[in-house]
């Protein structure tokens, strides 16, 4: 309960002392976070502007130029971009699906909502492992299902598919795992958004005779733009960062995250790994900025309509 | 009579909604069921030699668990996970509680901004910050040590601890603190006799959250411990045997890894839901 | 026990001046109420006396000692908050003993004081309950007990009755008065409720925009309000106000208003005789207007007005009548339940000239003070 006015705005040694005396408990934690931040930035920049060849001196963009010529990197960059472009809307759609199912109160709603949180409560690595087992070749559940092993599902393929051996399939499974695990997060953000809408608005729309679909499109959706934006922004960042699912499920095909692991732990080239890390951060910043611009435009469009 | 007029539409909509709920529940619970099924399956019902794997537990057996708990390495791994997460909680709390006290109780200028900045540290990709941390730890000789992993996990947990803790301290009415001061309590007495006990539920949630984070953590553990089997945690152990072991064992380890997480998650559900809804906690 | 003296106190929040050049003297053992609308700075002043808010400028003396820089922990005063601020994780007993434990009193002393206070405030059998398990009135008494056990020199009360329902409020206020009589402590009481202030306190400091508008005994505040604001704030229903000017008719001075030519008592008539033409704001309390039914009570100072009773509001023991003169001027007045007035009835009323309040419309001050 120490109030703003306790702190004089003027800078004098006495005041700085007083400030420190009152706020010292915050400093250990701040120091801890700040020093790691400094270490991270220092090493990232230091490593990426260097090159393992001893002839090339610091600072150099040699690591960057080499990387851009590299086939691994280019495919990882494209994969990650696609992963982000497909995954972000998928997370939104699954979140919308779940939140629309349970936004009204009904019998056992609390229990159902808790059950919907299960994917989040399961460690990501466990989910990845489970998919690893289910999509096993040739003897996993999924292969048995599609080759007609069970009476309740028609035979789709003659031969079992080597899921992890195919770039497309392994990426798709990784994406599936990621989206499955994150469903509850999107759901909760969207539910919070729905709950912030004044219920009288629904009733007003109802009394005006709007059908359910019209209500959803013209009343609920526009009011949910803020929470939808939050979902898209946060989830797109998460997509760029993704590591565990592709690491377990698509070991042979890289995203930016797994490429860092590949360079660092398999090739032992910390410069390349740091360079990829920096590029990942740059990608996140740019994609966030672009997404924000797009969302702003959409918002304007909806308001003007 | 009006009701009967409307009911055909609402019944069909209700059916649609009900189907949706069932589908969602199958999608959400199905994989968990399969995980449990695998963990209690007989090894012969997995290596079927081309026949379909049964959908129901066939000859349910605990042989995977029995095997697991007779393996001394597994105990070591379990112990490692517990020790690392407990020390992470301790360090995280020692650093985080004082900071969240200041951010929650003092009406400092720019307090909200600072909190937002602290929590958005977590938007920085772990996989991008791991290389510098590992390089630094190699330099100071903390690579492949318990301490290194604990420090890294604390780094990940600290923003959450501060965020949840600051919320817990902030929710205590100012009048209570004013009253304690007027009754003669100094700053430390006010903290230990009043604020700390009242913030306890929130701080406990932060501690559980830290435990979950450390218990689940993979990226930093993997980069910091790779190659040193004695200090492996559960996640690393599970990853290390994914190509080698029978699937029922993988599932059994997964279940062991998940049980405390699921139990604690539902314990702190309230705080997690509030945090996620505000778009802050992952 | 102690007296409190405040000299030219200032307080600002940013650019907003909460308290401006405030002077206040409270005698030893006095029960003083700080009364005013919300946001007038009365609670801020209380918190400054308690030491919870720093003093920007000015001096605060308690018992003759300068208190400006004494930390709240060392000021020997106690405060009861509007919310009662009971510690929710402690039992009633622990709440009451909190301050004594901090001050490291001996066990026997603590027990003795605890027994004394729970007898005084009738809190027996509640000692092991938690605050959420007791009623609002009991909470208020626990908060009071927690303050009283420390034997403070000054007791600060911040709207302690505002969270109680009407029935409980009366008992609680009687109890407070009893305790004040019994212990003789200096009490500073903050409220926005004028009835509480009028019934309980020995003196009232009426606040407006961070200044003290008037500081007087309740009776004086009611009978001779120093300013228009005082006149308006104290008393219910609100006073009627009429703009006018002093005029002399038939060698008698009075106030010409839209309502009527108002006569005053002889003493004041003499004073205004010397200032014809002066602009005046005249205030008439609804209680000082009589109805023709009381012809016997008429005096030569009464002004007769003919009105049409537009609205009669029944208030139980009395009724409020809104009347309109032919010229369209409104007047509100009170009649007792025995007097019956029908709506839309023409009637004569009489305004008691002895109790018309006369203000200067520019300075807003009572010109007879």
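Going by the order they are written in, the chains are A, B and C; count residues from 1 in each one.
Just so it is clear, a contact is a pair of C-beta atoms (placed from the backbone, for glycine too) under 8 Å apart; a residue touches a chain by one contact, two chains touch by 3 or more.
Quantities reported herein were computed from a predicted structural model and do not represent experimental measurements.
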| item | value |
| --- | --- |
| Starting at chain A, fewest touch steps before arriving at chain B | 1 |
| Most remote chain, CA-based centroid, reference being chain C | A |
| Most central chain, judged by mean C-alpha position against the global CA mean | B |
| Most contacted chain pair (by C-beta pair count) | A-B |
| Centre-to-centre distance between chain B and chain A (centres being mean Cα positions), rounded to whole Å | 17 |
| Between chain A and chain C, centroid-to-centroid distance (C-alpha), Å | 61 |
| Intercentroid distance (Cα basis), chain C paired with chain B, Å | 57 |
| Touching two or more other chains - residues of chain B | 178, 181 |
| Sequence positions of chain C contacting 2 or more other chains | 52 |
| Residues within chain A bordering two or more other chains | 1, 3 |
| Interface residues, chain B side, partner chain A - complex | 13, 17, 20-21, 24-25, 27-29, 31-32, 34-35, 38, 46-48, 50-53, 55, 94-96, 98-99, 101-103, 105-109, 118, 121, 123-136, 154-155, 158-159, 162, 174, 177-178, 181, 215-216, 218-219, 222-223, 226, 235, 238-239, 242, 247, 250-251, 254, 257-258, 261-262, 265-266, 269, 272-273, 276-279, 282 |
| Chain B-facing residues of chain A, complex | 1-4, 7, 22-23, 25-26, 28-30, 32-33, 36-37, 39-44, 47, 97-98, 101-102, 112, 114-127, 129-134, 136, 138-141, 144, 149-150, 180, 183-185, 188-189, 191-192, 212, 230, 234, 237-238, 240-241, 243-244, 248, 257, 260-261, 264-265, 270, 273-274, 277-278, 280-281, 284 |
| Of all residues in chain B, those that touch chain C in their complex | 173, 175-176, 178-186, 189, 193-194, 197-198 |
| Of chain C, residues touching chain B in the complex | 47, 50-52, 72-75, 77-79, 81-83, 85, 87-89, 98-99, 102-103, 146, 150 |
